[in-house]
Each structure stands twice: as C-alpha cells, then as structure tokens.
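Encoded as structure tokens, the structure appears first; notes follow it.
Letters are used for the chains, namely A, B and C, taken in the order the chains are written, and counting of residues starts over at 1 for each.
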C-alpha cells in the first residue's frame, strides 16, 4: 500500500499559512496582555477584596476552569447574540481567550502573591505604604517573577487552544489549514504543516517571553 | 531630626496597662512604660518574654486588646488606615531579617516610601537617598541589589530606608541577631550614631555590651511583664531579681 | 416550527453526555496505560529512549489538541484504516493523555528524594524491586492529586472531538441549537453540564492535595 503525500500542494499556499499564523500570534498577544492583567486584578480581588467580590471572582474562576474553551467560545459567539450582543468572530475569539486566560492567570498570580514572605509586607507597612501601594510595588513584581514560567506555559496553552477559533471562521492558522485542504484535499499534509507551525510558534513564544520576563519585569536581575 | 510636631511635655511613647493575648495565651500581661523623646531604651529578656510583641505593638504590627498606647500624644486607631499610616511615618522599624525589597536596587529601596507616601520626587529625592546611604557608610552601593550585599550591609540599607521617612522614633527588633558576628559592629556603629544625634530608640537586643554602652534605660522582660527597669549600670551590675540574675548568667 | 421544552433540550444533552463520559474514560485509562509504559521506558538508563519520550511529550504538549484530532482522523484515513470519529477521537485523546500523564508521573518520580533510591540500593534491591517497593509507592502518593486533576482536562478535551463529528455533549449542543434556535439556553446547559462533571473532580483533586500535605 503506498501513501502518496504531497506537501508542496500545501506549501504553495504559504502566504495563507503565514497570514493565519500571524492572526494566531496577534490574537495570542492581545489575549496575553489583557488576560494577565485580568488575572492580576482577580488575584488582588481575592486577597484584598470584600467577601462578595471574592465570591464572584471565585465563581468566575471555577466556571471557566471547569468548562471547555470551545463551549466558552460558542457561548460568546452563538449565545450572546440572543441577548442582543452580537460580536464578530475576531472579537469573540479575543474575548473568549482573555476570559479564559484571566481565570487561569488569577490562580497562578494568586499563588505567587500568597508566597510573599510576611516580612516584605511588614516592612512596607512599617514604611507607611497603603495596601494598594504595597501590592503594586512590593508584592506583585516578585510574585510575577515567581510564577512567570507558569504564566508563560498558560499563555502557550491559550495559543494552542486558539486553534478552535477557526471553527467560528476566525482566520487564524487552523482555519487557513482547513481552507487549504478543502481546496486541494491534502488534509493530512495541511494539518501536519499547521501542527509543525504551532509547535514552532510555541517554542518561539516561550523563548521570547522568558527573555522578556528576565529583562523587563525583573528590573534587570537575572534568575 | 524629626519633622513631626514637638511635643515637649509629652512622652514619645506612652504605654499604660497594655495587655495582649494570642487567643487564650496572654503574652503581654500589663505593661507600663513612658519613653521620653531622645531616650534610648534597650529591651532584654528570654525568647517568649514578649519583647518583640511589645515593640510591634508600638507601630501597630501587633494589635493589643487592653490598655493604652500613645505615640507622640496620639493613641493608636487600628480601624483608621490613614491614622495608621500617619503613625508609621513617625515611627520607623528595622527588622531582624532586614526585609529589603529584592527586586529593587538599594537606592530604589530607600526612595520607594518617600516617593509614594510623601510624594517626594526627582533629583531631590535621589540626592537625599544618596546622603542617607553615605550616612550609613554605603554611598557606593546606590545601584547595587540586596542579594549582592552582605548581611551587615543589607541591615544598614534597611536603616537608611527607615530614616528616609524622617521618623521621630525608631524601633529595632533584634537587628543584629541574624548577622554573622563580624558584621554586627558595623550595624551597631550606625545605631550608636543615631542615638548620639538624639533619635528616640526602642531596641530589642541580645547585645548586652551595646545596651550597656548606649542605652539610657534597660528593661528586662519576663513572662509578659516588665520585671526590672533601670539605667544599664544598675541593672547589669546589680540585678535585683533572681530571674534577671539567671538571665544575665546564662548569656555570659 | 416545533416547540421544544427545556426538558427536551436537557434530556438530549444528557444522552449525549454519556458519550463524553465514555470517551473520557477510554482516553484516561488508555492514556494511563500508555503513560505508564512510557514512564518505565524513561527510567531505563538509556539516554536515547529518554530523549524519545521527552520528545513525544513535547510534541503533544506543544501542539493543539484540535490538530492532533484532525491528524488522527485524516491520517488514519490515509492509511486506509476504516476511520470513524470514535476511533480517531479515542486514538488522539489516548495519546494526548498518555503524554501529559507520563510527564506528571515522571515529575512525581523525580520528586522522590535521592536518598530513597540510595537506601534501597544499599539494601541490595534490584532496579525493578527499587521501583516497585520503594520509589513507585511514594511517587504514586504524590501522583494521585495531579492525576485526578488531569481527568478534568481530558473531559474538557473530549469537547473538541465534536469538531471531527463525534457526537458528545458539545456536538449535541450544536445540533440542538440548530434545531431550536436557542443558542444561549442550549450552550448554558452544555456549560453547566460540563461544570457538573468537572467541578466535583477538581474539588476532589484539591482535597487530595490537602491531605497529602497534612500527612507530611
């Protein structure tokens, strides 16, 4: 039995593939920034907020972490219009990714914050800093440093999960691959190439974010 | 040295009948103490005698249940965050574990609180920070990071950091206990110069020689009470109670 | 236009949820067995085998599960194998689960202190005996909480099988939405059902983690 694979038919469509990859990276970049910001806000709420706020954030985190991303995406794209909120595929994808990453980032950042040595907070309090100032200037930077690898991993997980957004016609990489194979019937080849591109993007993102973390977040301190 | 109001007829710290418990365990059983401005008080005693707890009550890190505590004429109001912050601008604290902020340089450590709390800024703040660091003998370490410094150096930075807020009172909680012996002297030297300049100091310490040399009064605490009080010459040379005699014997 | 009651919707979703559970169990058990085999391979003292397993793990952890499902589906078709959504989904999810579980368990084995290995060696136990009687029981205790926790990821992963036509809870949701034009209601029910499946398991995993720390 001979299998005939024709990768060139897929690689010929490289502009479409690259465009899809660019979309994936763009979606990931926006979601990473907003999602981590949301996660930090939630971590703050859970450690410093009033009880009702803590409960709401806790419920949000548990809901997102215990339901599949594809269902969250479909809910936003298909479900919200029934309430009058109609969003484009791209906006739906970004919002779904931000909401998803935010919940995981909330837990990750909260763990980092809770690992703060008590003495740091006492020193900040003794210097008359407010609770907000203490959180932003004394607690958060070392906490982010502590959990940076976990945050990077979660960002990559969200990037890989964004492949599903192609199902609602967001023109990212999996959509591009699907489109290509629907035209030239080279499904296996198309998806192999797309998969390898995802793998490369995952490795590249990890490398870049680790460098970014080292240089910008940690005030130039290494390791 | 202090930029707060001069309360000449008032004590720097006034403690009356202070009692504190952790749950059912009473650790401070009625403390009475008046500290005059510019006075240097050394607090000594066995571990568990309540010395650190008492110190931490003065700047509100510990909450007491009964009694009165006033700092520069103002009672402590725990529920009022603004009042507590105002208190902590007037009372500085140095910790046994230094507690420098590891992600900030030495200079930024010193400048952080004045910048945020007193809204000082710019070149003036940086200049003042450099002067403070020079005062503790670390002028050349402005851009260094805490993990590049020895314990003694870190503690001196901590002192500069506390001084940056211009407190009238400084609380020192066993500030040399975590230091290698050869580094203790450099820190005590800075404290001694602060005392000479008229800073009000409350020090929990195990350094008896230093306490004898620098303090105006020594307080010996035992099981949550002030057991003996007096000038160092009297207390060390002629301990009256068996507990203090035992304590002094055990540390020599 | 046929009128659908809430119960109609829920009943059909529940029926489909059965397949979510079945697929999850297949992937979890199958993935566990493959993962265990990989774990043993990894602990043999052969660097090339270790690199191979590490590469396998990186492949499954560094690529989208959706792509893995597509590759299983179309790859099997290429090989001339009779491909059903069942077979492709089971295969992809089993391999996916095996990679993650073997990595989790590998971490647990590494977490057993070196001194335990050395003590066992000093007692003249063979390698397999060291594993069986000293290391694996301790690693196993550490592994229970994260393994249970990963079951939640598997259940969520089955939702992607809907994309290759496997009729489980999510696919049923899509189909019912198309029939009833009630996307908000239907997908809310779908989400709640996944939550009902996953949350108790997540909670239990946290309880197990707590127990582990208390014991020490």
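Just so we're on the same page, a residue touches a chain if its C-beta (ideal position, glycine included) is under 8 Å from a C-beta of that chain, and two chains touch if they have at least 3 such contacts.
Everything numeric here is computed off the predicted structure, so don't read it as measured data.
Asks: If every chain is reduced to the average of its C-alpha atoms, which one ends up farthest from subunit B?
Replies: Of all chains, C has its centre farthest from that of subunit B.
Asks: Return the chain label for which the distance between chain Cα mean and whole-protein Cα mean is smallest.
Replies: So the chain nearest the centre of the shown protein is A.
Asks: Given the two chain pairs A-C and A-B, which is bridged by the higher number of C-beta pairs in contact?
Replies: Result: the pair with more contacts is A-C.
Asks: Rounded to a whole Å, what is the gap between the Cα centroids of subunit B and subunit C?
Replies: Roughly 56 Å separates the two chain centres.
Asks: Could you tell me the distance, in whole angstrom, between the mean C-alpha positions of subunit A and subunit C?
Replies: About 21 Å, centre to centre.
Asks: Can you work out the whole-Å distance between the CA centroids of subunit A and subunit B?
Replies: So the centroids are 46 Å from each other.
Asks: Would you tell me which residues of subunit C are touching subunit A in their complex?
Replies: Listed in rising order, the residues of subunit C that touch subunit A are 59, 62-68, 70-71, 74-75, 77-80, 152, 156-157, 159-160, 162-163, 170, 173-174, 177, 182-188, 190-191, 194-195, 198-199, 202.
Asks: Can you list the subunit A residues touching subunit C in their complex?
Replies: Within the complex, subunit A touches subunit C at residues 1, 3, 5, 62-63, 65-72, 74-75, 78-83, 156, 160-164, 167, 174, 181, 187-188, 191-192, 194-195, 198-199, 202-203.
Asks: Considering the complex alone, what residue numbers of subunit A touch subunit B?
Replies: 117, 119-120, 122-131, 133, 137-138, 141-142, 145, 218-219, 221
Asks: Per the contact definition, I'd like the list of subunit B residues that touch subunit A in the complex.
Replies: 59-61, 81, 85-89, 91-93, 95, 97, 99-105, 112-113, 116-117, 145, 158, 161-162, 165
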